[in-house]
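Right, one structure below, let's go through it.
By letter and in written order, the chains are A, B and C; residue numbering begins at 1 in each of them.
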Amino acid sequence: MTAAPLLELVGVHRAFGGIQAVRGVDLAVAPQEIVGIIGPNGSGKSTLFNLISGVLAPDAGRIRVGGVDVTGWKPHRIARAGVGRTFQIPALFEHMTVLENLRAASVEGEWRTAPARAARVLDLLRLAAVRDTLAADLSGGQQKLLELGRVLMREPRLILLDEATAGVHVSVRQVILDAVKARREAGATFLLIEHDMEFIRAVCDRIAVMNFGEIVAVGDFEGLLRDSRVMQAYLGRRT
Amino acid sequence: MRGTAARAVLLAAVAAALLALPLWTSSYWTRIATGALMWAGLACSWNIVGGYAGYVNFGHAAFFGVGAYSTAILMGYDHEWPFFLTLPVGLAVAAALAAAIGAPTLRLRGAYFAIATWAFAEVLFELATLLDVTGGTGGLSLPPLLDERFFYYTMLAAAAGTYALAYVLLERARFGYRLKALRDNEVAAETMGIDTTRVKVQAFALSAALAALFGSIYAYWVTFIDPPSVMGGDLTDQMVVMVLLGGLGHPWGPALGAAALYLVNRFFWATWGDTAAYIALLGIAIGAVVLFLPDGLVSLGSGRRRRGALRALIGKLW
Amino acid sequence: MDLFLQTAINGLLIGGVFAAFSLGFQLAFGVLHVVDFAVGGWVMLGGYAGYWGSTLLGVDPFLLLPATFALFAATGYLLGPLVYRVRATRYARPALMTLAFTFGLFLVMRGGALTFWGFDTRAVSTVASGENIRIGPVVVPLLRLIAFLFAAALALGLFAVLYRTRLGLAIRATAQSREYAGLMGVDVKRLSALVYALYTGLTGVAGVLMAAIYSVTPETGLRYTLFAFFVAVLAGLGSVGGVLAAALFLGVLEAMVAVYVGSSYSHLVVFGTLYLVLLLSPQGILRRGAIAES
């Protein structure tokens, strides 16, 4: 890793009451890298996403995006700094149509070109047929796609996907996979929370394993399979 | 494109009818039409925050009152300003007030916001009854102008301007997307780069300024104001009901709701000379809309939603 | 000093009655997630029930309290499912729709009362009206004392139901999570109706007491809705524990302002305090309230 990291986390902490949800996470992600985050439920993965996107402020530690310290920034400023994300439970604009959702996503960006880009995103994600459907009326898989589409509309340089493929049909998963690969080619960097190991093997350059709020291992897919710490994290055995 | 043409023709017909109205009706009906226009404009101003941003303002009458008092004070014997010069003052005071209280108040959600705005409006109401500059409970008089057509056309211009502005800003421009996005999901809107606090305060200030505009015109029209007549909670109640009845978050639904309710209100006045029963009727209207027609009168027009409303009606009969 | 003590006593006693109707309101919010704008309407109708009951039957309104409770609880039991229905639907914004719905209910009550009974002020007289007990320098109005004791008994009864009975356990479980309580075999629909009935019953009785102390007009309702909101916000919406303290504080605050500043300022102070508390500490002074989602 020679290039300066696009995302850099240094000693990031966050507690809720007495519970240390994220404790001392260090992580550097290079430009155009795709890093997967795995770990059992409650290990702090989604909290980490909330910290990076500014939905939560860290108690301690620094967060840098493209070399700029964004620690404590409000979510909209971090978003404008080039960070896009999805949520574990899709956070759509439910009373807007699919097309309106996409246009709303570019409201702080390139507004004039939004209709043309929305058309491309609709094609890419196979959503053209439901463009005038209310987001609330979409199927689960379509909702996941639309949320990804909203992120793509903004063309962020860092994209955080929280379980983008959870519970979606195999064909939808392929659409998401293709979109991620294409966008990486176009220059984007990814951080993915995933439970789908096939998906992770297919796209991730590196994988970080979280457990009890800490990153316990980082490596490539094959290496982690042989790592006993990963097995412990998943099987719950403690040393 | 046939739909667009039909809509243009309809719009032109409505515009022509409204422009010509004082020429073929009595002054009684001109007065009623003036009142209907005022309520349509007020309902629209409420709808900006209540319908598009999803923040129910239970104290909107305060801003109507700010406009009314600004005009009454400035046109009074101490200052004797010409009417049209007082309009920008009322607008600016209301917008500044809304901007000042907006940031802290709009952090509150749902019922908390509703209660806070109500409390704020009552504080202003009580101040108006206690201060000297507002004439206290005795109220203020304005130099009378007995020209129904002047008020009709002024109100028409204000209402038309309000609807046009709201339509362009909320249905066409980015501002509307921002508002609707934060209404549906504030966190998601933030992660799209939308500065939700700023957008909410802007909407709140705009909505307040428009309410003040109608307050100013109203004060000059009725020539006498006191706290209950321009700041009373009943005024807010009416706006809320009009918007709910017409269609929450709809560009012209509030006009429909306002016209319908205002005519019923006048009918009650003309027939029984009091409005006690009208208050109960307002309540029944709210209950019926919430239970059976949550998308308001405008939803009766589209077939898809009509079936939805009917289904809701059947489902609600417990 | 005597005036101060006297004012404090008067305020504390009336605060007890505020607590009675605020408790029901908090219960409705905590369990049903309904902010009931009509709370003041129930108080007002309770006052009229006391007035008409004692006028038509010639019985002291205190003796009619159980009947008043039964009447209002029955009404609430019938109305509850409707309110619950609005709250539990998949509307765009169910919390706001519920607020609007109860607001409509309030307008029906107020408009109905104005239509049928006009603007006249009705005084409810009881055996205790005008009687006083002297304790050293202070005069304790018997009526307020009895009202306070009634309210305290009601509050204690409510706590006993909540924390000592199976029904109370089911209510508290439902307040935590409607879904899980349902899975545990609680009939959430019936329970919601019961809670609403408990709330309207309590509020109706408090209304009789308020009318006996202050008299009643159709316009009094709004004031009591404000008071219930005030107490609820101070205590934290949905929190039952802080209600008594908040209600007593409101009682004393109002009495003090009326005596030392002037009664025309009491609304200003109460509303102003409410607004400031909301801005500074929206979860209540005790920070126990839940943040209501829109």
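Going forward, a contact is a pair of C-beta atoms (placed from the backbone, for glycine too) under 8 Å apart; a residue touches a chain by one contact, two chains touch by 3 or more.
This structure is a prediction, so every number in the text was calculated from the model and none was measured.
Taking the definition of touch as given, a chain qualifies here only if it contacts chain A and chain B alike; none does. Of all chains displayed, B has the C-alpha centre closest to the centre of the whole protein C-alpha set. Distance from chain C peaks, on a Cα-centroid basis, for A. Rounded to whole angstrom units, the spacing between the C-alpha centres of chain A and chain B is 42.
The geometric centre of chain B is 31 Å away from that of chain C, both derived from CA atoms. Centre-to-centre, using mean CA coordinates, chain A is 48 Å away from chain C. Among the residues of chain C, those in touch with two or more other chains are 92. Within chain A, contacts with two or more other chains are made by residues 95. Partner chain A is touched in their complex by these residues of chain B: 174, 177-178, 180-181, 183-185, 187-196. Chain C makes touch with chain B in their complex at residues 35, 81-82, 85-86, 91-93, 95-97, 99-101, 103-112, 114-115, 118, 222, 226, 229, 233, 237, 264-265, 267-268, 271-272, 274-275, 278-279, 282, 291-294.
Put simply, chain A touches chain B in their complex at residues 53-55, 74-76, 79-80, 83-85, 87, 91-96, 100, 103-105, 107-109, 111, 150, 154. Within the complex, the chain B residues that touch chain C are 54-56, 104-105, 107-112, 114-116, 118-120, 122-123, 126-127, 129-130, 233, 237, 240-241, 244, 248, 276-287, 290-291, 294, 316, 318.
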